[in-house]
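Following this line, the structures themselves.
In the two complexes that follow, chain A is the common piece, with chain B as its partner first and chain C second.
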Partner chain A sequence: MADLAIASPSEAAAESAAQLRRGRMLSVGARCALPVAILLGIGFLAPLVAIFGYAFATPRSFDVFASFTLANFATLFDTSNTVWLSFFWSCGLALLTVAILAVVAYPIAYGLNLVFGRWSALISVLFVFPLFVSENVRLYGWVLFFIKSGVLDGTLKWLGLPGGPEVLYTPGITLFGMVYTYLPFMLFPMTLGLALVPRDLVDAARDLGAGRLFIWREIELPLAMPGILIGMLLTFVLAIGATAEAKILGGQSIIVISHDIEIAFTYSQNWPLGSALAVVVTFFIGALTLFALSKLDLDRMLGRR
Partner chain B sequence: MGHKRTNAAIWSWTLFVLVAIYLPIVCGALASFNKSRYFGFPIKTYSTEWWQKTLDSIEIGMIVKTSISIALLVTVFSVVIATFGALAFARYEWKGRKLYQKLILLPIFFPQPVLGLAMLLGFNAVGIQTSWMTAVFAHMIWIVPVVTLVIAIQVYGFDPSLEEAAYDLGCSRTQVFREVTLPLLWPGIWSGMLFAFLLSWSNFPLSLYTTGADSTIPEWLYAKMVAGYTPMVPALGTMATLGAAGLLLAGGLVGILLRRRAAA
Partner chain C sequence: MAHISRRSVLQGMGAGVAALAAAGPLFNANKAFAAREKELNILCWEGYNSAQVLDPFRSQTGATVKAESLTNDPTMINRLRAGEINTWDLINVNNPWARKVMLPEKLIKPLPKAEFEPFFETMLPMFKPPYKWAMSEDGAELIGMAQRFGPYSYVVNTDKISRKTAEDTGWDLFNDPALAGKYGILESDDWNVFNIFIIAGIDPFKVHTPDEMATFEETAKKVFKGAKLIGDIASMNQALISGEIDLHMTGGTYSVSPARADGHPNLRGITPLKGPLPGGKGGIAWIEITSTVNNPNLSPLALDFLKYVQAPDVAHKVAFAEGTFNPVSQMGNKACFDLFTKDELDAIQWDSLQEEMDRSAEYDIVPDYDKALDLMNAAKRLRG
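Let's turn to the complex of A and B:
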């Protein structure tokens, strides 16, 4: 207010021009967002509405929006339904994936920020590249590695050792596959998060005599938290929806929740039941994502000055 | 001093993880050069027979063409939409921006197999026959948000006063967009294009439900992994990987040139 009182006429004019420009930018921003909004409205929201509609349709029918019944949800919430076992497996594996990845990715994220120097860019690219190779191909590579008389087994035998362990088609290898597939999704948000930690703060703490563990716990970790949380959320959500690992490496030794949804849609031809299950999963993931995202400032994360 | 030791530990851990990441890709490449139909290691006879068969196959040729068509169309459409999306995300101050920034992330956080099924349902509900063209649309739902983020990072680093100076000098909005905004954003847009093409190229879960009778490379590979393995599976997989690597390398070089020109 005080600034306004002493503003000269020319400054006031500049002020109103800036206001005008801000007004123009407001509409420009909304207009720029329009194509994305339309695309996601048709391609993301509408299918979810369709799934929602199917979830309340008569079981084993295709009368979407024509019938209304809660029978599908009743089937799901029936305690004898094995779908809860799948849900439990998916959640458990996802939680373990997140926990393991946090430990695996942290040193690398730290290195990308502070240790690798001019090698950082190359190392980042090497971690991004696998995203451009279909996960089928990469997971199948592990099958070739672990399979009987595969790369591991063959090499060990060639060396005169008893041969590799039989790890394929177990829940453990499914977890391994998930950790493998989702590493970049933990690594990059974590790297962004660690980049937010001001180094002079750490130096100041060190000068004042703080130990390394103390600095890590009291400064680095809390300040990098937004990035770490995004990474954890992203890996958790993707791992909940993962199917390829359980199918290719796990050999269907466990059925994960997305696989159950697929089964309902394909083999059992029960679209309404599959939809009801998808609705439950969508609500679970949606609530979790929106809750976590509401706590984050994306402008700061992605580097707005 | 423990500092050096920590750094060495971080280096070795990172290199170890990198080796693990590329190990299965190497295993696939090895299997593709195995002469006998079934894989056994160490490989007794190496041959390029399966590579030749893969290159000669008419069926695979069509599948590769489908994959390329989808990826090209996805790239073109996604980048146009995402460039504006990124400006709305990072450049302009507007009322719904904070909400928009979060909503646009939802498709990325959504399990792709379920998204693919939901879209199949959606197409079915409005009576659209699925084919490779519906897959283009399906890929875009996931790729446009990713590309928007990629371009947004470039937008954050750009100085809005350059645009305003152009306005003050009397440029029209289209002129400013063409002469100032676009050239400054080119490096980000280029990265976005690479992401769009390569993510579409490697996508499996969305293609599975939305390509109808057509098939993409990852779909074909999966079908053969489940039933009917031949060394053509790792051969095509390795070719797809090499193709992606070549594109990334060439694209990266162009990107470096673009960045250098933008900085000059």
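Let's turn to the complex of A and C:
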């Protein structure tokens, strides 16, 4: 007992110290999130901060965080600067890619949900499979397909036909490359979106005499919209930053905005200007994404409130 | 691109452990030195980073050798300026940068002259010591070693445009409306700046007047508008072979040699007979200079590597490293020259090499490059 009586105050003190320590320490959740937070801090935030810092540095210098100027932005927004052309091409091609993919991917997504049955899994894998091969390799493959005396031209000539069309090194083939590359990024969110449409609702509408177009417009499309919009957003964000298609297939017949950024960081060695351009593009895409997400209330769309 | 094989990593690790054991008691005193004696980092053009060149050196020394290749000089130099001077041991760039930029900015340090100058004695005659580009401006210091070089103007498919026509017509080929849509432009923008100046009839390596800049801008718009494609070396060679284009601007042995070695001797680097460069020259040639970086903790292997690549068999490997095949200065040494087969000599256009070098000015720095490049980039955007 005597031992216990002696031990008790120290135990109590130890316990209160432990409580205090626990109070000062991060919660379990925060501690578990720490590795991710550190990783994001180093891998995601640090480069963004560096880019942001460079955007305000003296042009063609490496005085990051040591100088402050708006000269880089002034150069970008100068009326004589033709960089808007690159921006126009990137936005235009991204919008067209989204529009074409929405039309192309919808029937496939519909098929994967309702038509292909047990073949759906295999067909899904076929659409995913090209993602395992480097994008550049796939695009060079298309060059070999379309090039003069290549697979298409050679085969047509072998069959005694006049030969393939001259499509390489044009903005059109750049668009084709983008549609091809980003198809899976539209298809799978759209497939998930369509999977959310309860078949009972469609059956009920049909029983009540609704036509196919009416069912599609009033039931399928609104209920699948979360998936469709997420697919569109994802595709747009990826497509506006696309470079390889315009370079490899398009033969730089147009210069896209990400290529302009690359030129600033390489041959021009004007990191501040490249950073300013990257910041403008990032803010543009960020604002557009936030605007779209503010309109896209997933909870409401999914009927949770 | 860093080439690290599993074997080299294991060798490096083994060597590292051995070095640690041996230097154990002295470890603290020699910490900095011990940390770099089995490590070598090379910043270079493609070729020096190939396994054919590096693996034997790794085996000989048990060192971890990393080589990163980039495809333009300013990027490499700016890596040093941005603080990577502590990382790299050797830098391999085109001729003027060592002498005119890197040494004055203390980005590189001189080589032991007595040890390295004798190597120039056995090189091809144009490299006889004191070789201008390997020396400091005052001629006192040896600042780098010369190895690969070559003429670099444009490439034609001689089945479509004969060598004679291409040499006689010169850069006016790109002013010919009949050839619009039949030529490509290699994505090598520093060289394209030189070439647009030359097509405009202006010497690129001088300060330009506003009128000359205006002419440059107009020429850039016209030349880029008329190009069928802009792309990398592989795209240019592929387009030439398939018949998509008949010629391409910025090119020579460095770019076309892989296609020639692959059975397309009809593709040929051309150096025009005349042009607006000093002495009426129309071509430009490059010479790579490899220098030791002014790294406060320079790897002792840096000098060993510079000697290693002088050996005839290694120089031959450097000449035929993967990706691009080029003449090397060590071909002046018979032991090295004899290693080249007839096909290899054909691939690097040995038959016309000397006359092409004689017709070429040597790569130099354009004083108003930034301004010209901005104009050229703007012209590129107007293609669409």
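Simple rule for what comes next: the second predicted complex is superposed on the first by the 257 of 305 C-alpha atoms of A that agree within 3 Å, B and C clash if a C-alpha of one lies under 4 Å from a C-alpha of the other, contacts with A are read in each partner's own complex, and residues count from 1 in each chain.
Assume a contact is a pair of C-beta atoms (placed from the backbone, for glycine too) under 8 Å apart; a residue touches a chain by one contact, two chains touch by 3 or more.
Computed from a predicted structure; not experimentally measured.
Engineer: Please indicate which partner A:Gln269 is in contact with in the superposed arrangement: first for chain B, second for chain C, both, or neither.
Structural biologist: Touch partner of A:Gln269: chain C, not chain B.
Engineer: Given the touch rule stated above, what does A:Phe132 touch, chain B (first), chain C (second), both, or neither?
Structural biologist: first
Engineer: Once the structures are superposed on A, label A:Leu194 by its partner contacts, choosing first (chain B), second (chain C), both or neither.
Structural biologist: Neither partner.
Engineer: With both structures placed on chain A, which of the two partners, chain B or chain C, ends up touching more residues of chain A?
Structural biologist: Residues of chain A touched, chain B against chain C: more for B.
Engineer: Applying the touch criterion given at the start, work out whether A:Ile248 contacts chain B, chain C, both or neither, answering first, second, both or neither.
Structural biologist: A:Ile248: touches chain B and chain C.
Engineer: Just to be sure I read the superposition right, which of the two partners does A:Ala224 touch: chain B = first, chain C = second, or both, or neither?
Structural biologist: Neither: A:Ala224 stays clear of chain B and chain C.
Engineer: Please indicate which partner A:Tyr169 is in contact with in the superposed arrangement: first for chain B, second for chain C, both, or neither.
Structural biologist: A:Tyr169: touches chain C, not chain B.
Engineer: Looking at the overlay, what does A:Leu85 touch: chain B (first), chain C (second), both, or neither?
Structural biologist: Touch status of A:Leu85: second partner only.
Engineer: In the overlay, answer first, second, both or neither for which of chain B and chain C A:Phe145 touches.
Structural biologist: After superposition on chain A, A:Phe145 lies in contact with chain B alone.
Engineer: Classify the contacts of A:Ala57 with the two partner chains as first (chain B alone), second (chain C alone), both, or neither.
Structural biologist: The answer is neither, since A:Ala57 touches no partner chain.
Engineer: Of all the chain A residues, which ones make contact with chain B and with chain C?
Structural biologist: Residues common to the chain A contacts of chain C and of chain B are 140, 147, 149-150, 248, listed in rising order.
Engineer: Within their complex, state which residues of chain A touch chain C.
Structural biologist: Listed in rising order, the residues are 60, 62, 81-83, 85-86, 89, 140, 143, 147-150, 168-169, 171, 247-248, 251-255, 260, 263, 266-270.
Engineer: So in the complex, the part of chain C that touches chain A is made up of which residues?
Structural biologist: 72, 74-75, 78, 81-82, 184, 187, 189-190, 228-231, 234-235, 238-239, 242-244, 370, 373-374, 377-378, 380-384
Engineer: Report the residues of chain A in contact with chain B in the complex, numbered from low to high.
Structural biologist: Touch residues, chain A against chain B: 21-22, 25-30, 32-37, 39-40, 43-44, 46-48, 50-51, 53-54, 64, 104, 107-108, 110-111, 115-116, 123, 125-127, 129-142, 144-145, 147, 149-151, 153-155, 158, 180, 183, 233-234, 237-238, 240-244, 248, 258, 261-262, 265, 271, 274-275, 278, 281-282, 285-286, 289-290, 293-294, 298-299, 302-305.
Engineer: Of all residues in chain B, which touch chain A in the complex?
Structural biologist: 7, 9-11, 13-14, 17-18, 20-28, 30-31, 39-42, 80-82, 84-85, 87-97, 100-115, 117-122, 124-125, 137-138, 140-141, 144-145, 148-149, 152-153, 156-157, 164, 198-199, 201-205, 217-218, 221-222, 225, 233-234, 237, 240-241, 244-245, 248, 252
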